[in-house]
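Here come two complexes built around chain A, the first alongside chain B, the second alongside chain C.
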Partner chain A sequence: MTTNRREFLKIAGASALTLVTPSLLSPLWARETVRIPGQDFTPVKALMAKRWAMVIDASKCPPDCTDCITACHTVHNVPDFGNPKDEVKWIWTEPFAAVFPDENHPYREQGLQKMRLPVLCNHCENPPCVRVCPTKATFRRPDGIVMMDYHRCIGCRLCMAACPYGARSMNFRDPRPFITKINPDFPTRTKGVVEKCNFCAERLAQGKLPACVLACRQNAILFGDLNDSTSDIRKLIGKRFNLRRKAHLGTAPQIYYIL
Partner chain B sequence: MKNKKWGMIALGLVIFLIGITFPFWYGRGKSIAPVLLSLDTPAIAQLKEKRCVEDTAFMRANHMKLLNAWRDEVVREGKREYTAKDGRRFEKSLTGTCIQCHSNKEQFCDRCHNYVGAKPTCFDCHVIPGEVKK
Partner chain C sequence: MLEKALKGSRGYWIWIIFLLVMMTIGVLFYLHQLDYGLGVTGMSRDVSWGLYIAQFTFLVGVAASAVMLVLPYYLHDYKAFGKITVLGEFLAVAAVIMCILFVFVDLGQPSRVMNVLLHPQPTSILFWDMIVLSGYLLINIITGWMILSCNRREVPPPGWIKPLIYLSIPWAISIHTVTAFIYAGLPGRSFWLTAIMAPRFLASAFASGPALLILFCLILKRYGRFDAGDRAIQALSKIVVYALAASIFFVLMELFTAFYSQIPEQTRHFQYLFAGLDDHHNLVPWMWTSAVLAFAALTMLIIPSIRRREEWLAIACVFVFVSLWIEKGLGLVVTGFIPSPLETVTEYFPTGAEIAITAGVWAIGFLILTLLYKIFISVYSETGSDDNRPVANGK
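And then the complex of A and B:
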C-alpha cells in the first residue's frame, strides 16, 4: 500500500493528538502537591545561624574517652553491626596520622602521634558529596549543614567515594535489629541508604545543642555560628592556632581542630 | 487463507476481551466487608473535639500527600510547624504528631493499607514508640 500525502497527514495528526491528550486530561490526577498554608512559620526556640561550625580542642580529649560517640550514636539510632566492614559511624576517632596525613612526620611529638582525635562529617562549604549525588538526596542547607534526605537516597554510594574524610557509611543490612535501644524521636535508617552526621539538625530545631557537644565533659567540642564575629567559636579560632582536615583539597571543611 | 486469518484475529480479540473484563465479572455479586478503622486509643479518647490535623474527609483522601509535603518541607526546607486550616499548629512529624494519637498502627494504618493493597515504606525507618520493645 502506498500512502499518499493526505493519508500521511491524517496519521501524523492522529499520532500528534495522542501526545496532547494526556496533558488535557491530566488535571484529574496531576494534583500531586498539597500546598500548605502558614508554612513560613519558624519556631522561636530553634537555634539559627548563618554558618554552623565546630571547634574540637583535641588536647582536652582524655585517652579512650567515647562520651561523644556514645551520645551521638544513641540519639541517632546508629546501628552496631559488630564488624568493621559493615561499620556505620557518625562520629568516631582516628589517630593523628590519619586525621592530618599532611601534617604528620616521624619526628612529631610522641604525645601527638599517639593521640586519637574525634572525627565526623566536616560539613564542607564546598561539599563533593553534594556535587556527585545523582538524586540530590544530600544537599547543603543555607546554614551550612550538609544534610541527608534518606527518602531520596538510592544507595549508589557515589558520595562515599567522593568524601575525602570517610564520613559516610552505607547500610548494607537492615540496621534495626542492630540498634540496642531505639530512640523513638529519631527515625532509624533502612537497608540500602547512606548515612552520616547531620550536625544534629533535628536538635537545633528544638533549641538544643548537638548531642556530642553536650556529652563532652571536658568541653572539648564547641559549636556555633562562624558568621557571627562575637560567637565563642569565632573568637576561639581567631585566638588559637588550628587545623582543618585536608583543607588543600578545596572542600572548605568546617570542623576546626586545636591541638 | 484470508478467512483463516480473520478467524485467528477474532479469537485473539475474544481472549483479550475476556482477559480485560475479568475483574468485572469475576468479582460480580461478591461483596468485601469494608474495613473498620479503630479510633480507640487513650489519646483520642481524651480529645474533647475528635478532629485530626485537618477534617476527616481531607485526611482520608489526602493524608499521604500531606505527609509527603511535610516530609519535604521538614527535611529539605527545615520548616517544621504546620498551621491547619482552622489555625491550630502542629509539629510536622509522623512519630511526634500522628502516632501520638493513632498509636494503634495495626488497627488503624495497617488495616486500611492492607485492604487497598497500599505498601507505604514510612515505618521501615520511622518508629512506632510501642514497637521499640520488639
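And then the complex of A and C:
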C-alpha cells in the first residue's frame, strides 16, 4: 500500500487530534473539588492537598478516651489479638515520657506526666521506611501520605527496624479471625505483611476526613494541608507552640503536638 | 565429581543421616510456620527481628572470611594456603546458602520474594545485599569447583578463573559491608547507628570464619586423612588472633563512646546487654560468657606455645567461634530493638519451632559443606598431589 502526501497528513492530523482532545474535554467531567478542611463547603469529590499533616492538641484529650483508636481500628479492619506480641495498631496512646523522652523531667507538672498522647505514623517528609523497603511496597505519595501496598510487601520487616516511631505492625498471623466486625469497604490484610496508618487515604478519596479526626469529640485532632497558608492547621501551628517526635533525626515528621 | 560424595565410611553416613533428620525436622516446622505465620517465632511487634536475621548476619561473616585464604595465596603467593583455599571457598558457598535461607525463612510472604527483583528499589540496602550475596555465591561455586576439577584432571585451570578470584576479594569485603549497612543506616536505632559497624563486622568475621576453618582442618586431619599442613594452620591461627584482637578493640571503642559520653540513647543498649535494663536480664549471662571466652581465646592464641599445641588451638578456636556467635548471632540484632522506640523493654525468647527451623538451616549448610569437603578429600587423595595449583604460581 502506498500512502500519498495528502493522506499521510490527514492521518497525522487525526492522530494529533486524539492526543489533544482528552486534555480539552477532561476538565468538564474530571474536575474534582478541592476542599481544604476548615473551609466550609461540601466536598463533591476527593479531598486533595499538597502536604497533608495533622495537629494533635493532646491537652484536650480526656483521660482514658479511646474514641480515635476505636474509630480507626474499626474502619480499617485492624485485628485485636489480645496480646502485645502479635499486636497490630495504627493509632494508640503512650505516656508523655515515651512520646517525648527528651522533653521529660521529674519536675514537669503532674498533668503532663500522666497524660497519654495519641501516636500514629508520622507520614514523614523524609521517611526512612520508604528508603529501606526493598520492593517499593511502602511509598510516599506526592501529597505526603506514606502508604503501604499490602500485595507487594514481602514481610521482611526492614521498615519496622527503620521506623524511629514504632509506628509499624507486622501480621504475625492471619488477622481475619480477630477482626470484630469486618468493614467491607476496606481491605483486610493477610498474614506476613506489615501495615500502619494511611492517613485515611481511602476516605480522603471519597471526600471524607480521617476517621480519628471525625471521631474526636474534643476536636483534639486537626487535619489539613500544611502547604496552604490559610488552612486551619497551618494557622494553628504558627500560633501555638508545638513539638514533633524525634525531629532531630531529620525524618521531618508531620504530626504536630500541642501540649 | 559429585559421585565422590556417595562413597564414604559408616561414620560419614551416620553424620549425613543425622543432618538429614535435622533438616527434615526443620522443614516440618517451617511448613507449620508457613501455615500459621511468623507468630510461631518469639518475634514481636517490638522485637521484629530475631534468631533468623541474627544467624544471617553472623554467617555473612563466615562466608566473607574465605578471603583470608584467597588473599594471602593469590596476592602474596603464600603457598602454605594452596591446599586449603578450596576449603575456604566451599565454606563460603555453604555459609552464603545458609544466609539466603535464613533471610528466606524470615520473610512473612516468602512466595513474593521475587518482588525484590521485579520492583527493585536501589535505595534499599536489602536489595543490594541480595545482589552481592548471590554474586558472591556464584563466584565461589565457580572458582572452587573449577579449581578442584582442574586439580583432579591435573590440568592448569583456565585463564579466566584468575580475574574472578581477584574479584572475589573485594566482593567478600562488600558482602559484609553491605550487611552492616542494613543496620548502620537506620535513624532510630542508636545501637546500630555507628560508623564502626562495618569494620566491626569484618573484624569478627575474620576471626570466626578462620577459627571455624582451623577446626575443620583439625577434624579432617584426624578423620579425613587430609593434612592441611602445620604452616597453614599456624598462619590461620595468627589471622584469627589479629582479627579477634581488632574485634575486641572495636567493641571496647563502642563502650567508650557510649559510657564516656553518657548519652542514654547510646548507653542503655549496652546496659541491657551487660547489666540488664528495667529488670530484664535475658542476654546478660550470654554476653558475659561471650566476653570471657573472647579474652580467654585471645590470651591462648597470643601465646605461641599454647597456639602450637593442636588441642589447645582447637579449644581456643571453639571459644572464638562461640564467643562471636553469641555477640552477633544473639546479641547484636535483638539488642537494637531493646529498648523500643517508645522506651519499652520487650524481651525476646526464641520458640522451639524457631530453634528447630534455625537448626534445620544449619543442618542444610553443614550437609552442603560435608558433601563439598568429601568431594575435595576424595579428589585430593586420588591425585595425592601436594597441590601446587598451577594458577597459584601465577608466573
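As a convention for this text, the second predicted complex is superposed on the first by the 215 of 259 C-alpha atoms of A that agree within 3 Å, B and C clash if a C-alpha of one lies under 4 Å from a C-alpha of the other, contacts with A are read in each partner's own complex, and residues count from 1 in each chain.
One rule holds for everything that comes next: a residue touches a chain if its C-beta (ideal position, glycine included) is under 8 Å from a C-beta of that chain, and two chains touch if they have at least 3 such contacts.
All of these numbers come straight from a predicted model, not from anything done at the bench.
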item	value
Touching partner for A:Ala201 - first (chain B), second (chain C), both, neither	first
First (chain B), second (chain C), both or neither touched by A:Ala98	second
Touched partner set for A:Thr188, first chain B, second chain C, both or neither	first
Partner chain in contact with A:Met170 - chain B first, chain C second, else both or neither	second
Residue contacts on chain A - larger count, chain B or chain C	C
Which of chain B and chain C A:Lys246 touches, first, second, both or neither	second
Chain B versus chain C as contact partner of A:Glu87, first or second or both or neither	second
On chain A, positions contacted by chain B and by chain C	190
In the complex, chain C residues that touch chain A	36-39, 41, 43-46, 48-49, 103, 106-110, 112-113, 115-116, 118-121, 123-127, 130, 182-183, 185-189, 336-337, 340-344, 346
Complex contacts: residues of chain A adjacent to chain C	84-88, 94, 97-99, 101, 119, 128, 131-137, 152-158, 160-166, 169-174, 190-194, 246, 249-251
Residues of chain A touching chain B in the complex	32-43, 46, 77, 139, 141, 147, 149-151, 181-190, 201, 205
In the complex, chain B residues that touch chain A	62, 65-66, 69, 71, 73, 75-76, 78-83, 85, 89, 95-96, 121, 124-129, 132
